[in-house]
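Down below are the structures I want you to see.
Two complexes follow with chain A in common, the first pairing it with chain B and the second with chain C.
Let's look at the complex of A and B:
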C-alpha cells in the first residue's frame, strides 16, 4: 500500500475518469463517481438501492496501477486514481461478458416485453460482438409463475441476483434464491413461498433483462410505443414518485421514478396495478344542467353560471371533496367553501398498511389518498358520514367524491364537479361539471410528511372535460370569491402567496423531486 | 512418508512421520510422541513471538497460494474484537489427498496445530472445515477433539493456561468451491458457498464479519514442528539454494504412476528423482506423457519440462506451472489428453458457483467444445475459440475457479495441440449437425 496522497479537495476524493476530473465524497464507488462525470459504466448486477454483489463482471474497468481489471461497483474511489472505462482492455472484457451472457440466451427480442428497455440489448448493440461463436445446444428451462404479478423466464436470465437481493435485503422476505450451480443455475423460489409481498413487483423493474416480467403488462405494448410523464402515485399518502406510461392516450403501466427522499427506486404492487380507473370510458364528458327535460348538456358558461347561482342561493352549503384532488383544486374549493361559509368535508378511504422494511419511512399507507394532508391544510375535515343531517335546505357540492356518498338524503340538491356522474347522485344533481382526473392535468400533491410534489399531464382529457383548477377557479369567480388564473402553475403561485406552508415554492423549484412544506406545529404529519 | 508404501530414504517425514501408525491417532499415543508440548508452551508465550518464529521459518501456506503463514498471522492484532480461525480441510482440488491422510493418521497433530494457530491470532475459536466425503477424517478429528476436551487440552482453561480454546469440526456438503476461503466462510455461516468479493479481506471481516485467519490443514500441522524445533531447523530441511521455499511439503501422487501415494520431501527436491526414484516412474512398459504438479488447477507440464525442475514454489513456477496444493497427477502415453482435459473442464463446469458470468458460462461452453472435439465433431476454428474463451475467463472473476478451468485448456492446447488436431476431421469448416445434413439430403 502506498501512502495516501494529500487530497486535492479536502474532505473529498479527486480522481480522473475517462479524462474528466471527478470530485466525490470518500467511499463512493466508481460507477457512481463516473455518473457525476456523465460517464456510464455498463453494469447489470449493481443497483444503487441494493447491496453490491460484484457478480456480473460487466463493470470491469481499467484503473492505472491496478494489476487487473477491477469491478467498478465494488471499487471505491481513491485519491488521484486514473480510470479508463473505454480502454481497449476494458471494452474487450465487456465484449467477452456480453458474449457469455448471450450464448444461452434465446435471442427472442422480437417477442420479449423488455425489448427497447433491455440493458442486455442496449449494451450488446453498443459494444457486443456482431455474431456468435456458440455452436452448441442452448440451455433450456421452462417459464415459471412466481406468484403476485411476476413471471419468470429463466432462459433470458443473466443471474445478476438483483431480485434475490431485493427480496432478502429490502423486502426482508426471502422468497427467491439462486438454485443449482454452473450454467444450470436459475432463480428459484423457496418451497411453498410466492412473490406475494406487497412490494414484490419491484423485482420486475430491477431485472435488467426480460427474465422477470409483469403479468399485467405482458404483451401489452412495446417499450418504444409508450409515452411517459412524471407523476405521483395516487394510491396512498406516501406520494411515491412514478412514471405514468401511456400508449395511444391509455395508461398501460405505472412504474416507480427514483426519489431518494420518498421511495428510492420502488413502488408497491397496489400502486402499480391501480391504473385502470384512469382509463374509464364512462366519463362525464359535457357540462350538464337540470331542466324540465332532466339533465341536459349545455355550454360551459351556462353551466358555471347555473352552479354559481345555485350556490349563492343556497341556505346551507356542504363542500365534499376527494382527498385525491390536487392542492390547486383544493385551495380553490376551500375559497368557495369559506366564501359561502360552507361545511368543508372529505372522507379518506383506508386499507391495511404495508411497509417496505428495507427503506426508512416507505410504506403503502393506510390512508389510500394522495393528498389528504393538503386537504386538511385547506380546511377540509375527515368525517365518517358527510351527508348525515343534510335536508331540503342543503346544497351539496361533490368534488369528484362520489365514492364518499352512500345515499343522498331527500331534498338535498347536488352539484357534481367530477370525472364521472354516479347513478346514485344523478337524481339529485342540478349541475354537473366534467373535470380531468390527475393524469389529465398538472398539479401538486402533499404527501403525509408534508412533501409537495408535482405531477404532470400524461394523457389528453376526453371531450369538453376541463382541468379541476380551471373549473373551480371559474366557479369561485362567478360567486364573487376572487378571480383566479387559468394555469396550474399560476394557481400554485397564488397558493404560495397566501398559504405560509408553501412559502418560497414554485413549480420550477419543485422540479421532479418536490420539496417539504413548512407545516405549522401540530399539523397532521 | 510414502504411505501406503514404506518411507523412502530420500523422504523427509516431519508431518507425515506417523502415517500408518494407529497408536498416534490416540491422545495417549500422540502425547507419547511429544504431542501437545508445543501447545502448552505456546499458550504461555506471547502470540507475537509465536508469529515471529513462524515468520522466521519461512513457512508458506500449503493450500495452494503459498502466502507466508507468519505474515498472515501478524495481520491479526489484539483489537478487542472476536477473532476466528478457520482450518481449511475441504481438500477438494482434484488429485490432492494429503490433508486426508494427515487427518486420518494424526488428528491430534491437526487439533494441536489449530489450537496453536488460534492462540497466535488472538482467537478463542477454531473451526475445522472438512469436506463431507471425508467420513473417516471427520470421525478421527471429531474423536481427537473429544479426547482433547476430556483431557482439558481444549476448553475454557486450555492446558491450565487460563485461556479459552475451542475447536469445532464442520462437515462440508461436498462442493469444490467451498475450499475457496471466503466461500468456506459463507458455508460455515450456513449460507450458499459463494466466494465473497474482496475487499474486505478475511483478516478485516471474515467469518461472521469478524477478523478471521484461514489456514490449510498441512500449514498448521507444519507450524507445530516449526515451533518445537525452531525456525532454523525448519529451514535446514529444504534446499539451501532457495530461501523463499522452506521446510517440507507433502505431495499426493496419483494417476499413471508405479507407486501412487503421499510423499513428504524437502522443498527444492528434484522433480525427476521424485517421479522416478520415489514414485517409481510410469507403470511398467509405459512412458510419462504429462504431469500436473499441483492439483488440477495448474498448468500441465510435459516430462521434458519436469526433467530439470525442482519441487518448490519458485522451482515449479520456473518450469511453467505452480506448486499449488501438491497434488501430482501423472499421465502416461496411453492417455488421450483431449479426453483428460475435457474431463477436467467438465469438473469445473459442474462446480462453478454460478456467480460470475465468465465462469458460469465459460466453463460450460469450454466443456461443450472440448467434448465435441473429443467426439470427433470439432473444427480447427474451435481451437482458437477455446483460447479466446480462456482469455476471457482469466483474471476477471471473484475467485480463481474460472482461471483454473482455463489453465489446463491453455497449457494443454499449447503442449498437446497435435492431439487436438488429430481429433478434428480433415478440412472440416463447420460442425456437422445431423438433422440439417439429413434435411439437405
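Let's look at the complex of A and C:
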C-alpha cells in the first residue's frame, strides 16, 4: 500500500460520500459530512444539538475497508474514506432496522398528530418493507401525561432517547429515563418528577415520531395543511427564530427554527404557547375619527389628516410605544416624536427569567418584549407610569401599547394607533388607526444582544388594517417630518442610511438568520 | 345553355318505394304484436346499478352508531374538487373525531378518491342517484345526514381482482 498523498486542503479531511467528494473539518461525523454533499443519511437518535447516542442503528452505512456496517452518527470522517449510503448492503440493514422498529408500532398514522412530519413514516416509505411479517400481538402501554404541555404515547415510541438526552444534557434537569429493558422498555419519568421545565416542550419537536405530543396542538391540524412563515418569537427579548404555522389564516402553532447564533434548535414553552392573541377577533378594523356622533368610521386619508392636525395643534405630546413594534415602526415613531419634541416612552412587561442551561446565552428573558433594545436605540425610554404628569389638553399617542395605560387622566386626548381599541382608552380617543400585528407584516426586531433579525408576514390582516410602517410613515409625512417609503424593505433602507448601528444591512444580507448591529453605548437617534 | 342531365333508365322494381314502405311497416307491426322492452317505467321500475357506481356519499358507522371517521384529513387532502370540509376535534373519550364533516355534493365530481384513500373505510361513495332537493343548501351533506343514509355503497375496483369477482 502506498502512502496517502499530502492532503490538498490542510487541516481539512477529504472523503467521498455516494461518489461525491466532501471536504470537512476533522472530527465531523458522517451524517453532517453527508449533509454538505446533499445526501441525507436516515437517522433517528442523532440530533445536531444533542450528544451522540448511537442507539437507533438507522444510520448504518457502508464504508469501504471497514469490516462491517458502521453507524454514521458515531463515525468521524477519515482521510480518503469512501462511504456508500445507498449500497445494497446498507439498505438491507436499514430495512431490517425499520422492520424491528415497526414490530410494536401501532401504525395509527390516521389519528397520529405527527403524520406528515414523521421520520418513521418518511423512512419506511423510502426504505422500508411493504408489509409486516410479525403476526404476534403487539405490545400495548397506555398513554401517559408527562406534565407541562407534553403527552407520551409509548406504543409509538422508538426509544431513540432524544428526549432523555435533551432533559439530561441541555435542560440539565433529569426527568426522563428509559425504564424496563428489552421489548418492554419505555420512556419513564423519575418518581415525583414532571416535565415542568420552562423549555421541556422541546422534547415534542425532538421526538422523530408521534410518541411525544403537544397537548395544545393535539388533534388541531394536520402537518400538511399548515402554511409556514419564518418569524421571530415575540414573547421575550431573546429573539428566538421561529416558524409561525397557520391554517386558514389562523396561527395554530409556533415551532423553533434553527439558528446557531441565537437559539440552536430550541424555543421555550412560554414562546410556543403565546400565540392566541395573534388570532384575536375583536380587532380595530377601520380608521375612526371622533365627531359629534362619537367615534365614526372614516377613510384612511381623512383619519391620517385628523391625526396630523391633532398632533400639530397639541402643545405637549407624549408618544407611548409598545416595545413589540418592529424597528421600522419605531424608527418612524421616533421621527414623529422628535419632530414635535414629544416625550418618547414605553413600558416593558417583565416576568421571571428561565435559562436553558445547556445552551450558551439562551434564556427566556425577564424583559417580555421582542424589541426593547431597538426602542431604546430609537430614543424611547422605559418608564413605570407613562401617563404620569399628563394634564388637560395634552396629547397621548398610544402606538399598540394599550396594555401600558392603566387610566387616562382627565382632559388628555388620545390617538390610538394599534391592533385593538381598548374600552378604557375609547372615551378619550379622538383618532383610532388600525394597524397589523407582527404576524401580518414584514419587519425586523433587535434582540437584547443587538442582533437584527427579520420576520415575515404569515397571515393576512383583517379588513382595512394597514402595516405599522406605512401608517406611521403617512402620519410622519402629514405633520411634515419627512416623506417615507411604503415598503418595509425600503423603510429599513432609510434606517440603514441614517442610523449608524444598522450600517451596511439590507433585508437580503440579513436573510433569515439575522446579523449583529454595531451598538454604540447609550446611543439614541 | 341547358344543362345536360343524364336520365337513368332504371326498371320500375328498383325505383318504386312501395316495397321499402311495406318492409318498414312490417317492422312496425311486428313490434306492435311482439314488444320487446326498451323503456324503463321509471320511477315505478328502476334498473340495477353497477357495483362500481359512484354516487352520493355515505359515512359508515361502528356498532354503537358513531361515524367510523377519525378525522385524519386524508379525504379533504386528496379531494380534487375541494368539496370536503373537515374540522378535527376530540369526542368525550378523547378520541380523534370530526367536529365538522361536510361534503358539498354539488361540487363533488364523484371520483371516489375519498373512499379509496380512507384508512378507516368510513367515507364511501354510494350506489345511488336520486338526489333532488328543494334548496341548494340541501346538497351540503353534514355528518348526521351522511351517517343516516342507508343506500348500498360502491365496491371499488380492486387491482388484484380486475374482473371484480
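Everything that follows uses one rule, which is that the second predicted complex is superposed on the first by the 515 of 525 C-alpha atoms of A that agree within 3 Å, B and C clash if a C-alpha of one lies under 4 Å from a C-alpha of the other, contacts with A are read in each partner's own complex, and residues count from 1 in each chain.
Going forward, a residue touches a chain if its C-beta (ideal position, glycine included) is under 8 Å from a C-beta of that chain, and two chains touch if they have at least 3 such contacts.
Since we're looking at a predicted model, the values are computed, not measured.
*Asks:* Using the superposition on chain A, decide if chain B and chain C clash or fit.
*Replies:* In the superposition, chain B and chain C stay clear of each other.
*Asks:* Counting residues of chain A in contact, which comes out ahead: chain B or chain C?
*Replies:* Larger number of chain A residues touched: B.
*Asks:* After lining up the shared chain so the two structures overlap, which partner does A:96 touch, if you call chain B first and chain C second: first, second, both or neither?
*Replies:* Once the two structures are laid over each other on A, A:96 reaches chain B alone.
*Asks:* Which holds for A:221: it touches chain B only (first), chain C only (second), both, or neither?
*Replies:* In the superposed model, A:221 contacts chain C only, not chain B.
*Asks:* Touching A:487, do we find chain B (first), chain C (second), both, or neither?
*Replies:* Neither: A:487 stays clear of chain B and chain C.
*Asks:* Roughly how many degrees, to the nearest 10, is the angle at chain A when you join its Cα centre to the Cα centres of chain B and chain C?
*Replies:* After fitting both complexes on chain A, the angle is 90 degrees.
*Asks:* Quick check on the superposed pair: does A:182 touch chain B, chain C, both, or neither? Answer first, second, both or neither.
*Replies:* first
*Asks:* Rounded to a whole Å, what is the shortest Cα gap between chain B and chain C in the overlaid structures?
*Replies:* 16
*Asks:* After overlaying the two complexes on chain A, where does the chain B footprint on chain A coincide with the chain C footprint?
*Replies:* On chain A, no residue contacts both chain B in one structure and chain C in the other.
*Asks:* Along chain A, where are the residues that touch chain B in the complex?
*Replies:* It comes out as residues 52-58, 60, 68-69, 71, 74, 93, 96-97, 99-101, 103-104, 133-136, 139, 158-159, 161, 177-178, 180-185.
*Asks:* Give every residue of chain C touching chain A within the complex, in rising order.
*Replies:* 70-74, 77, 88-90, 95-96, 119-120
*Asks:* Touching residues of chain B toward chain A in the complex: what are they?
*Replies:* Chain B residues touching chain A: 175, 192, 197, 349-358, 360-365, 368-369, 372, 385, 391-392, 395-398, 431.
*Asks:* Considering the complex alone, what residue numbers of chain A touch chain C?
*Replies:* Per the touch definition, chain A meets chain C at residues 109-111, 115, 218-222, 224-225.
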